[in-house]
Amino acid sequence: MIGRGLERALGILAVIGLVTGLYTGFLYAPPDAVQGEVQRIMYLHVPLILVSYFAFFVVFVTSILYLARRCERHDAIAHSSAEIGVLFTALAIAAGSIWGRPTWGTWWTWDARLTTTTILLLIFIGYLMLRALVDDPSRGATFGAVLGIIGFLDVPIIHMSVVWWRTLHQPASVLRPGPSTVAPDMQVALYTNLAAFVLLYGYFLVKRVRLEKARWELIRLRMEGAA
Amino acid sequence: MGADPAEDGGGGVNPWPYILAAYLLAAVGLLCYLLSVSRRTKAMVAQIATLRRFSKDTMR
Amino acid sequence: MSFVRRVVAIARKDLLAEWRDRESFSAMFFFAFLVLFLFNFALGGDQTLIRGASSGLLWLAFTFTSVLGLARSVQGELENDCLDGLLLYPAPREAIYLGKLLVNFTVILVVELVIFPLFAVLYNMDLWSRLPKLLLIAVPGTIGFAAAGTLLSAMTAGLKARDAMLPFLLFPLTIPLILSAVKGTEVVLRGDPFELAVPWLKLMVAFDTVILVASLLTFEYLVEE
Amino acid sequence: MVTPDAEGRMPGPAPAVETRRLVKWYGGYPALRGIDLCVAPGEILALFGSNGAGKTTLLRILAGRVRPTAGTARVAGFEVGKGGDSARGAIGTLAHGHQLYETLTASENLAFAAAMLGLDRAGERIAQVLLRVGLKAAAGSSVRTLSSGMKRRLALAKLMLRECKVILLDEPYASLDLQATKLLEEFLMASKIGGAATILATHNLTMGFGVADRLAILRQGRLVFEGRRDETSLDAFRALFSLHGELGEVE
């Protein structure tokens, strides 16, 4: 499938992206007018959330393809993307909660996007646990595919319900996680970091899919060995 | 449903330890995942190599 | 036509079996009573506090009791290869799913109809006059919860840790449904105009549609080996 | 004397059951490693093999319950998994478990089966099969109170509810009393005359040998023997069977 060349290329690009992202995030972009320096965490938090939504979208698409065509490659991508999605979501929530501490004085507030992301994290942790518990690989893949599809379809509904629920409690305050102003150089920092994390996601995906391919290769070798 | 904390606007608190904490945590998390994936892959590739050598011996 | 007949046959069979020994119904009823009873101690016996959080407490009791009933619905089929027998019939898989959904929905709704008066008695609230409106919220909520529950109980039936996995998969997925049901019930209990509950009703109907369509399309893959 | 051609295919009508290089893997475990099998209408094939030889897996693939990993299987004119749900209507099965609902009564179980099979006015059909298996008196009693022999007979009655083109029996002799065994053999003969193809998987050499037209031995997922019954005797076949290391035959 994708050879080692692509993996190495993505790896190098990801590193370059992350370094420039750090540079723009810390030095190039000015501190936020309202939130001050702490807003720089957003250059980590926002890209992580957006890329994890993308990762779960990839799970959604490859799960449908797996149910339709039953080819191992789609399952390998779905499983890998879900795993990376869970990692990115967990880190995003950690960053968001660390951001909340100085800003709101508490580690956790029921902010709409933070809550939605946490629910998504729970759903896909369930996905990974389900995959780990089912011993027959093809059944595990099928169950995963179904849960991946339903989990992703649930996202818009979760978001709407949480946003409605939130607005009932606290009118949208300026201090919500996310760039409060749209100053151009801040946007540069945001988009550089976003590109960096997309590359990182690609790198992890290729690397993790190669692990899945090796696992299937091992099963196939055992098949031939025993045949 | 849960009282909302007073918003102190992050004025007096020194934000830098929090910023560093967030970035460090992310770096550590990503690195650990990278190491775990490559470790698992190495182990798998080693198993495949031994299995292939084993089947090559029986084939001769 | 034979599709509906098969759905009804499955539902009738399960409800008859449930009525015969009433195992899971009595377990659910006892559990519900226990949960309602504990609310009092959990909230320090402060009646106004409990009345204020009543819609949340009600749905907490509904959801946890339902999980108990859902796990048993597929469990009953695992003895004596009955699930295999069911799948060997020339019936489409969707009929089996809808049959099981109808059973789960009925059992959960009956338990809810028992919990409502129980709650009213224990915490001295007048639910009786608002029952029709309460049901207008409870029915779509129960449909969605039973639909997701039926699908996930079929998925987790064979697993080793199924008793933990079912709630772990079911609750995160149904959070928007439970959220809407709680807010809708709150509107009814506070006596506000029903229009306030309509957005939550729409959200529940949206959830029900998504979960039902997705379940009907994917159920056959779950039971296939 | 009807002799099969080189590939063991019976001349005359299309085979009721035909598999080509059927393979099934459960995770890393090879249940079936390439099975080529053919059963004509009106023929009974007895399939012998120890536990784990793959008998049950083969029957469940033919019944449309399990997807094969590789190879093809055609049953009652449809390819397995492709014929849609109605294809399973022509297939009758008896499995390890009696597949009855313990809390329901005998007639309720049969009524449910009839509804699922799409039979109309099943009332007198149910009474008829209950009479045939001698459970008329137990019609109203809950299955939980029946003996295991009676439960097997009720499972047989469920199979008799309608004519089948293909009958798949997995260890049908297990926990059958003498009278029930006679009933089963009568049913097999009647179905054979009716043109149904039957595959009977069993440990029980004597019973299987007695009723079969053709014999096959399955060992670790492969067909190691296939032949006509009248070309061999019970003793010769028993010797051949133990040759393949299938000791511990269950009487």
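Brief remarks on what is shown
Per-chain numbering from 1; labels A, B, C and D assigned in written order.
As a convention for this text, contacts are C-beta pairs under 8 Å (C-beta built on N, C-alpha and C of every residue); 3 or more make two chains touch, one makes a residue touch a chain.
If you're wondering where the values come from, they're calculated on a predicted model, not measured in any experiment.
For subunit B, the chain whose average C-alpha position is most distant is D.
Averaging Cα coordinates per chain places subunit B and subunit C 38 Å apart.
Rounded to whole angstrom, the centroid-to-centroid distance between subunit A and subunit C, based on C-alpha atoms, equals 31 Å.
With centres defined as mean CA coordinates, subunit B is found 13 Å away from subunit A. Residue positions 222 of subunit A are each in touch with at least two other chains. Listed for subunit C are residues 224-225, each touching two or more other chains. Each of the following residues of subunit B touches two or more other chains: 1.
Looking at which chains touch one another, you get A-B, A-C, A-D, C-D. Residues 135-137, 219, 222-223, 226-227 of subunit A are the ones touching subunit D in the complex. Residue ranges of subunit B in contact with subunit A, taken from their complex: 1-2, 4-11, 13, 15-16, 18-19, 21-23, 25-26, 29-30, 33-34, 37-38, 40-41, 44-45, 47-48, 51-52, 54-55.
Residues 148, 151, 155-156, 159-161, 165, 168-169, 171-173, 175-176, 179-180, 183, 199-200, 203, 206-207, 210-211, 214-215, 218, 221-222, 224-225 of subunit C are the ones that touch subunit A when the two sit in their complex. Contact residues of subunit D toward subunit C in the complex are 60, 63-67, 85-89, 91, 93, 95-104, 108, 112-113, 115-118, 142. Of all the residues in subunit A, the ones that touch subunit C in their complex are 67, 119, 122-123, 126, 129-130, 133-134, 139, 142-143, 145-147, 149-151, 153-154, 157-158, 160-162, 164-165, 168.
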